[in-house]
């Protein structure tokens, strides 16, 4: 794991590196982008994206839980990204203060409550991304986004399979992570 | 697919978005990084990385074939990244001019010929990444890198599975891409 | 593909060999077993199972559509298994004539309508198996079977990945079948 | 797991149910078949196949290790299949006594030493199957079989993904078995 992520404190379960990489790739996340992220959790995804959008861009990460928002803010500081990533202790269901947002990522159990605010905050062509463990959550979110007029680009799961490369032979590892979450990508 | 990649010309087979995202995530690719990439192919991976390391960073992409280097250079221009991504029509097996490189990516059939040059060019802690379709290539490269004293962090394959989310039900797509390449990550 | 299956006529989409093998393995399908199968479709799964349970066992395959039941019966004959596999042109939702059944397999869009009849027909310890493409169908069926008092042993998907083994190297095939159906296994 | 397999003693690592099911499916294993299996290990695969080929068929399972052959023989007895499955404490590299064999399965680290004997023992159209954990073993075996004139039908890996179906939602299990072995299928 790269240095920047290695020293972060673990609190709530984090978006994995693989999924963060896929989110950056499929949204074309770029320097200068304005990103809204919710909920912060440990701040891992916000930090990952903040690292890419800096120095001109900015990530605003909403977290409704006091304890998580503190962990996230501390991790942002550890990563040295406090100029680019702001953790707001605030409920995203109550509104998004930012405008003309390039990418919004939602890692929360009921993201459908955030769609109206996300739609209003996104710039034309901007991406909305959800990170959801179950198919019921994903399909409910996809339906709700379509109803709102967002274009569903794709929903995927990303499986990274570790390979065991030894003198005695090459093979996939016996055990591994089979599933983290489904990622859905929408455009305004 | 994000705008920045949509308009690129296709020539030789490109590193896919998913693999580019995994490379960025697992190396912690950051603004300001100096990256060496070979071979350029269509320039897709160089452009992807150049977009992340800018404005302070730089990608130097080596391509031995004249025709490919022209396609790559044209694509870099289309992406508007010519200030950050330089395509060199040059054989990386003959040497790497850059020093203190953060990340080197090798997408070529016989990357083992580039290990000595890569080792010399990498900064301490820098990443070497290979992108290889067969297990024989991967295991040969892993062995050769270990012999050179590079630390093998992991080799993986990344499988992205498209989900079909319809009113009538949710399911993985019937057919899809089963394999692109194995990615191996090494540190100096 | 083994001879016995090679000469069958294709009509409606068939349960794949991989899934048939998993069904046989996870139910411990054995010579002498009495099996009920619905719908027959092309008869492929009934023939696969009939081949295993013979000579003492028997498969009774229900098919509500006239055209499919004819294709299935013709395929059973081509496979030379007409003594062991009977295709009934009948709606399984109207009842199952067999008693003390060892294994019941349901390959149909709304198998929940067959649960009461399946429960009554199964012997104690017998297996009920569903073959369903979407997660909504699977979860609805699992819930309905649990409510009926059937024990949910497991639900799985089986992914067979073809390997390309050439002189030039070994690798998974680029493209392939990503998904056929989810298999759920229940015991009375 | 079906009764017949549940009571078996575990000794050496066994061929999993999923792979046994795929072997049965892809070879069209049928009642009456004569099968040669080596090495026996715990006897699991021999028992699985013996259960299908009985009552007319027979499985002869070679095991060079005394301790394993005893575990295997004891398991065959526990499964009640001693009339159909014979465990021979014998080195298959020294020869195969059976003729006109329908299916030969090899679960051992260096199966290439058994190819000549397997070829001689197989009937025309019979199947040779290998079960090998690494790609190097698989590719070496495939090359050696091709050189002998055996037709390589396919090499596969079978990944079974457990689904978690709860009231709270449906999703693949987080962790699971990523790899057991590659299966290769050849015909004489």
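List of remarks:
By written order: A, B, C and D. Residues from 1 in each chain.
One rule holds for everything that comes next: a contact is a pair of C-beta atoms (placed from the backbone, for glycine too) under 8 Å apart; a residue touches a chain by one contact, two chains touch by 3 or more.
On a predicted model such as this, the values are computed, not experimentally measured, just so you know.
At the chain C-chain D interface, residue numbers used by both copies make up over half of all numbers present, so the two copies contact each other through mostly the same positions. Of the chain pairs listed in B-D, C-D or A-C, the one whose interface repeats that of A-B (more than half of its contact pairs identical by residue number) is C-D. Note: the chain lying farthest from chain A is D, by mean C-alpha position. Note on chain placement: the centre of chain B and the centre of chain D lie 41 Å apart, centres being C-alpha means. Measuring from the averaged C-alpha position of chain C to that of chain D gives a distance of 23 Å. Distance from the chain A centre to the chain D centre is 45 Å, each centre being the mean of its Cα atoms. Counting only residues that touch two or more partner chains, chain B has 135-136, 139, 157, 161-162, 170, 172. Taken together, the chain C residues at the contact with chain A in this complex read 135-136, 139. Contact residues of chain B toward chain C in the complex are 133-137, 157, 161-162, 168-180. For chain A in complex with chain B, the touching residues are 1-5, 17-18, 20-28, 30-31, 48, 51-52, 54-55, 125, 135, 138-139, 142-143, 152, 154-163, 165, 167, 170, 172, 182, 184.
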